[in-house]
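In the two complexes that follow, subunit A is the common piece, with subunit B as its partner first and subunit C second.
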Partner chain A sequence: MPEEGPYVGRPIERLEDAALLTGRGRYADDLPVRPDTLHAAILRSPHPHADILAIDTSAALKLPGVAAVITREEVTKLSSRFVVGVKQALDCWALAVDRVRYVGEPIAVVLAEDRYVAEDALERIAVEYRPLAAVVDPRAAASAESPRLFPAVGSNVVSERTFVYGEPDGQFAAAERTVALTVDYPRNSCTPIEGYVVVADYNPADGVYDVLANFQGPFSLHPVMARALNVPGNRLRLRTPPDSGGSFGVKQGVFPYVVLMAVASRVAGRPVKWVEDRLEHLVGSVSATNRVIRIEAAVAADGVVKAMRWDQMEDCGAYLRAPEPATLYRMHGNLTGAYAIRHLAVKNRVVVTNKLPTGLNRGFGGPQVYFALERLMQRIAVELRLDPLEVIRRNLVPHHAFPHRAPAGALLDSGDYQTAVARAVEEGGLDALRKKREALRAEGRCYGIGFAAIVEPSVSNMGYITTVMTPGERRKAGPKNGAHATATVAIDPLGGVTVHAASTPQGQGHRTVLSQVVADVFGLKPEEIRVNLELDTQKDAWSIASGNYSSRFAPAVAGTAYLAAQRLRERLARIAAQQLNVRPEDIEFADGKIFARGNPDNAASFSRIAGTSHWAPGTLPSGMAPALRDTVFWTPPQLEAPSEADEINSSAAYGFIFDFCGVEIDRDTGTIRIDKYVTMHDAGRILNPRLVDGQIRGGFAQGVGAALYEKLAYGDDGAFLSGTFADYLVPTACEVPDPVILHMETPSPFTPLGAKGVGEGNNMSTPVCLANAVADALGVAEIALPLTKSRVAALIQGEERAPAPRARGLQR
Partner chain B sequence: MPRLSAACRHRVSLTLNGKAVSGWAEPRMLLSDFLRHALGATGTHVGCENGICGACTIKLDGRAARSCLMLAVQAEGRRIDTVESLGAADQLSTLQAAFRRHHALQCGFCTPGILMSLDDYLRRHPDPTEEEIRALLSGHLCRCTGYTGIVQAALEAAAALREEKPGA
Partner chain C sequence: MKPASFDYLRPETLDEALAALGELGGDARVLAGGQSLMPMLNMRLVQPQLLVDIGRLAGLAEVRLVDGRLMVGAAVTQAQLATRPTLAAEAPLLAAALPWVGHYQTRNRGTICGSIAHADPSAELPLCLLALGGDVVLRSASGRRIVSGDDFLLGVLSTDRRDDELVEAVRFPLRQGGAGIAFREVAQRHGDFAIVACAAIVRPAHIRLAIGGVAGRPMVREWPSDLGDDSLDDALNAFAWELGAVDDLHASARYRRELVRRMGRRTIEEARQCRG
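Moving on, here comes the complex of A and B:
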């Protein structure tokens, strides 16, 4: 570790860890509540699709300790339908009103003196259902014969748009070859180990809902919640706890429960606390989307892709909860990936089915898109008898082209993809891996190599979701764009520096990185900077883009904290210049001192200069604002609203990832062993290498899970089949190998510190890289995730045959 | 074993992190809930209540155990150690310091359970292989780290503890 120079770029240890390692974290369920707080338990639907004929809560209310039961009556009286992102009457309330549409949908909330009693009371609620036919497969749901989830809407296809960029039809007509592939990306979830927690308290005296929740943003959902509660934004005070037990996007999905518990608190006249359990989390929190994609490329004989066609059918589950259908549009601008493809046609459909509604999950649209795109690149190589790596290389955006405008509108900010690939091949030892493959295959063993090259978008444009609307609808609605980040830096009377930012971290170490950034600006040590990242919408700076998603911390939030600190530094330099009799531009900050350049003896302590604006504002240079506190809002100008031609720069920065891996498959058991995994990242300037590698390893492990184990499984009848961690299989230390991590740093020209996001990339690249290796090992075209042993065995040996009748069981 | 009435609360007395404590619990109350909400020892976390994720792991009479799979009343008269029994924030234990050095935690929610499992295991197996550490850790789910840092921290702590107590 370098001992000199800036703290930014050093792998310093985390400021967060001492508390978390000693049991002194303060997670939402650890915080004190008022003594009269009621505890909530939720009755959930056992049916995937049914009309609710009657709900009888009388027996539950008679149970000693039960204070109230909340049902559709209270919810429809005290709240409104949630705003929906498409122009369709997709009624969505905080709990079921006339109909349940997925197993696990909330129907009633019991409020009792403790959780045990509340759960007892759930068993005493009688609900009369009229079961309806359910549909779980998006293709079936889209058919005319399918049961309809929303009779008023007329179809389960609730949004359909087509897009044409360039002249894809002409390219396909003239193409030497076309290669096509259909993939069916499954449902999974990143399942934080801490579930949702909400503590709601309605104060009738001033009409304010005061809610503490381990919500992670985006805070564009704050207006959604406030409108559902029929209050102005300033009457919904939303607060977040100091610590959060992981999110990976998933804690976005707590927002309907915020509204539900807020209503419950108002009905009961007391604070209400709800802690989600694991079954509730798996059945009823939020899922990533499953998606059916047909992708087709027009290809020259050398493997250069001339044009692409995408046909995407997105399954958002039973309701279109905000910000959906964002998963489908988050990657829209960069659907051509890391490739210089100029012609593109896209057809997007959004379908509702009788499954858990979808929402944010790490990777957010990337795993689905890259599974199709990088499987296609592998298929192009196979069908054209080319080397898959060569096909990738021939199509990459060239180094001289940055910033590169992709056909659908992404402005790829910076990079050198060829060099990244070349370095990974060299430093990751691809030649040796290829030799190993040949040697093992010569022994009759089953071994394959896979590749994936992707761009990792970060800092989502708040306007990308409006690409789901037609240009005409957008004109009516008014433009949406940008991605305001905000940070506040304050100086106290003793010269202590405190930082606040609206980044709602969930374990990423934001406090540590912000302390590094701000310490450098003031010439202090990171441990001298106090960073508080609790968010209180009534007191702190925030905007709709606030929160912890789309990998926006390093590129946007950390950069904004830098800008806020710089503003204070400029003022402190003027104050110091006056006291030290030099020009402000000759003032330097280092080692806790402020001094004249070239004459370090002409100095004052940082704390003395920093305290001046508190203790002696009359002595400040005339006309200057005091150096007390500064809040900066920053949004990159490149994030424009969608154009009339539907071009959208959906993200502010685009990192590059190139992965390759070797896997060996046991032909007898179908077991996949990851022999080697190399992942090269160019995420711009690295602020803390330790934390960056941590993000990569975490995303990689989740990518391994998605590739090999994880599926939120439903029966054909809509029954939910994965309600525990014994059913929904998350990889353990025995299943996750150590990846070889390589770095390049091509700074982003568009972010204050040159940083790009890094947290989601391997969730996007790893599933398809492993799938490509399995395809290479087995020589098969159709690969479906997760690659469970039984699925791999079926690929090797064909579908399992039913046993002969005679062999079944013992004869009696 | 005493017969306890389901209808009322019972005083449960135990030794928590070396101190005698007591609280009231219905017979059905989980030990994890009792520790967190009756005794205020919120360092122990609850992640699944099925005994799978391992976040709630504590030491019961010195051996790692899932507090979500025990009733509070079963802890009567026993010795319970939780993450709060390890080093203090300004004086981390060897294992805790290794976790910080190797970035073996991110959100920290699964961490207390992993620390308690390792604390028990390393006492009984002072010289584990990486494979053995991974096998032990397979009883814990971590969604943030990918486990690499945890494995490295455990191996480094084991080596350091062997030096601190040679021959132990």
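Moving on, here comes the complex of A and C:
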């Protein structure tokens, strides 16, 4: 790990903001398109489940300004089914072919001179449906009597696997106590302010699809898209815009629309632009999975957990779109959380239902897992009459055990969980909060304290998803593992340094951090470094692991940029050593100069040395490669493929979070007031504390949303009920209190800069921490999210008063 | 989310506006602040031939005191009324309720009359109109008529306004001495449509309670002000059941009834205190 530099670790301001705050952002919808570009509008299914008998587009085509209408006919002719992560033949195309399986599923695309006309034409397309019974609840979908989404598959359970690590059965048989809990984690979504944008242009002359999309990765979906378009990877040129209006994972879900608009542009022979609107986004983008989990612990009388059993039923909606069922397996290696539990049994089922297909959403699998795990820890405390914090403490991985191999395979890289908890308790003022609870309860008020201790995984192993296959199936398919990050550092003839990385940022400030990292390597200032993070798959370095997901930027991408800069620095040091007559190891870089250690007057400007490889390659030390440009690919060797015993180190780094909070509940209205929220993070080395705190605040706000407000609701008949932001409630500034943020830094030994991911933690910890506080306040075991006022009131208010035959007040 | 095509008229005079409404009737829509109409247009829930934008009709943007009433013109924004320095003395219930209407930003556009003409059962302003016993001034090319709020609000998004009429103004009675008022609301988030909203006016002789968000329009009950605690609870319970609450996405029927009983009680007590 590098020594501390002048900029890494400092809260410098974001380089991105000057442009964004003065209206000079360049978002996908802002970028110029060819004058003959057509605008697309999508006809979507009003039915949750129906056979499509006929589609009549003739009236739409007659409308002036309409150029083409794309339906299943063109899509099946010009593209293929998407590949799916499980063995079953789940027929999934860029739009509905024989059947619609969720409300909002695309059926046709109108291409017109403008979006208004395109939407007018949508009303003129006649679709004849034969409605089918729909199924919404995953338990119902898994039953033998359920309507089947894919009759050829025979069951809505499209994947089932069981795993045993250690000897859980023996532990349960011998256990002093067992504690069990069933939770039903709801559907929600992170709803970025910018919707999907695709501009697709097919060039028949060379058979290339050129697509601009605000896609965020993972670029493992590039081969999925190329195969669906029936072209080699080098015939799908995918470009991303300079700025993003947010993603939180959700922009991954643009990929079926990339294929759809690519086909549309081929049919029309003109470029096609589609901008998803807010109504489309809620009904038809991508959602997190809802999941039913039964979790059970074998526990000693002192609260030490000896073994755990998980039974997870994952609802991926109507189709298993790549990379699903990744949400279910992302946390697989670390299902034992922050705890030193040695025996584990897991049963995983993946179910399809008549709802929007799922995909990346910030937290990705973590909110579901920790809601079950940390509710269970709270229940253990209640049932064994122990202090919940004590139960957490007794089970934490001890600080001397790192790196710690969890039973399902996670290699927890570093940490000191006990110290983090102790510091949070002290600095966050837990004692005072407990006294407050006591005092308020004595007054008859309703107050509770909740806890959550979690590990936050980052840098996903591209092989973890293959844990869904049996070892035998994996042997046939060949091993998958690793997580290649890439960065390029280049030097121009005037000594200017430019950085490119395949990180497709979605607003986090990647350019700022990369400028800090590279500035420190070269002894320059961050504002002197140019960082360009647009990605063009035909010109830039990338791999299937590229993109913005699994909190991989700080640990993987920033570290890789450091390695690339370091390689150039080593060469620059050799050039400087020759010019300054000292040994390369005695060369230092600072303040725009390169100089001899101990003799700063023996110096040359950075730009002079840096320009040498351009201007005078003949003067370079013999045999040396020029110091012009270096691209590094880095993957952590710890990210191995799943073992024969299904052990999987699903992520490269594991941060630690300990949260506690106090909430007060109004008994009359069920309103939850978050009185205090403390969140302690150990995300390894912090590269920019200002940006880290921004990540924590954003994740916290979304965690509050998931806990109290947000649910993508469907009626029992499959109708979609959350179609606008008046129905799908996202917390605003009024609803999100200011959390107390605390930090610890235990560097990761496995990442180049010692950094770990920090982007998703509070999405995982906050919902359950708040739920635990409500459980504590009300003394109830069954807590379902979101904790709306109506639902909380129902937990408090006993039997309802009956309607009196005739109230006296009305007999005037 | 693009509207179907429509014509747009921004008349210079009220007569011009009324003539257009007279000619097109239900095929025309009046645009004031647009806080409900624009989303409905964009979602194609309404597809009028013509929008009549009354925002520039100078005479409609005034708040006046007429015959012991506060007369609020059709183009007066919610922000304009909320920031009127004398409002708390003239109509303290409106002063208490306006901060609950949408958000700061939407109040800069949204109008008082527009909210009442839209007649959303959860909206605060129709609730205030009924609680205060105000009325609505309707204007058409053939003349003017005045309808009590109670007769104007028919049900969910439904009013007594004829297609050729414009809500020219609404009139709220000024505060009477000895009256105490209170307003309370529970919504999922601040600024959302109310799950239940309560307005209470306590006068020497009687208690008046208006409830929004439960029935198809706000509903009002009056009880003698010397009603004892138990009787008041009985009365609130009866009112809660009479409103015919139903389950929806955000709240159960039972929760709404519970709020009528509990928050209704709190609101009345607050109004009593502010009277004393």
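What we mean here is this: the second predicted complex is superposed on the first by the 792 of 812 C-alpha atoms of A that agree within 3 Å, B and C clash if a C-alpha of one lies under 4 Å from a C-alpha of the other, contacts with A are read in each partner's own complex, and residues count from 1 in each chain.
Here is the rule we go by: contacts are C-beta pairs under 8 Å (C-beta built on N, C-alpha and C of every residue); 3 or more make two chains touch, one makes a residue touch a chain.
Owing to the predicted nature of the structure, the values given are computational and were not obtained by experimental measurement.
**Q** Looking at A:R270, would you say it contacts subunit B, subunit C, both, or neither? Reply first, second, both or neither.
**A** neither
**Q** So in the superposed three-chain picture, is A:R629 touching just subunit B, just subunit C, both, or none of them (first/second/both/neither)?
**A** Once the two structures are laid over each other on A, A:R629 reaches no partner at all.
**Q** Is A:K480 contacted by the first partner subunit B, the second partner subunit C, both or neither?
**A** Neither partner.
**Q** Kindly classify A:C734 by the partners it touches after superposition: subunit B alone (first), subunit C alone (second), both, or neither?
**A** both
**Q** Is A:A726 touching the first partner subunit B, the second partner subunit C, both, or neither of them?
**A** Both: A:A726 reaches subunit B and subunit C.
**Q** So, A:R278: does it touch subunit B (first), subunit C (second), both, or neither?
**A** both
**Q** Output check: A:K436 vs subunit B and subunit C. Expected answer is one of first, second, both, neither. What do you get?
**A** A:K436 contacts neither subunit B nor subunit C.
**Q** Could you tell me if A:L691 is touching subunit B, subunit C, both of them or neither one (first, second, both, neither)?
**A** first
**Q** Decide which partner touches more residues of subunit A, taking subunit B and subunit C as the two options.
**A** The larger set of subunit A residues in touch belongs to B.
**Q** In the superposed arrangement, which partner chain does A:G507 touch: subunit B (first), subunit C (second), both, or neither?
**A** In the superposed model, A:G507 contacts subunit B only, not subunit C.
**Q** Do any residues of subunit A touch both subunit B and subunit C, and if so, which are they?
**A** After superposing on chain A, subunit A residues 116, 277-278, 724, 726, 732, 734 contact both subunit B and subunit C.
**Q** Would you pull the subunit C residues touching subunit A in the complex into a rising list?
**A** Where subunit C meets subunit A, its residues are 1-5, 39, 43-44, 186, 188-193, 195, 221-224, 227, 231-232, 234-235, 237-239, 241, 249-252, 254-255, 257-259, 261-263, 266.
**Q** For the complex, give me every residue of subunit B touching subunit A.
**A** 26, 28-29, 36, 41-50, 52-53, 55, 82-84, 86-90, 92, 96, 99-101, 103, 105-112, 115, 133-135, 137-151
**Q** Where on subunit A does subunit C make contact in their complex?
**A** 115-116, 119-120, 123, 277-280, 668-671, 709, 713, 721-722, 724, 726-727, 729, 731-732, 734-735, 788-790, 793-794, 797, 800-801, 803-804, 806-810, 812
**Q** Going by the contact rule at the top, pick out the subunit A residues touching subunit B in the complex.
**A** 13-14, 16-25, 27, 29-30, 116, 190-194, 243-248, 277-278, 506-509, 690-691, 693-694, 697-702, 724-726, 730, 732-734, 736, 738-739
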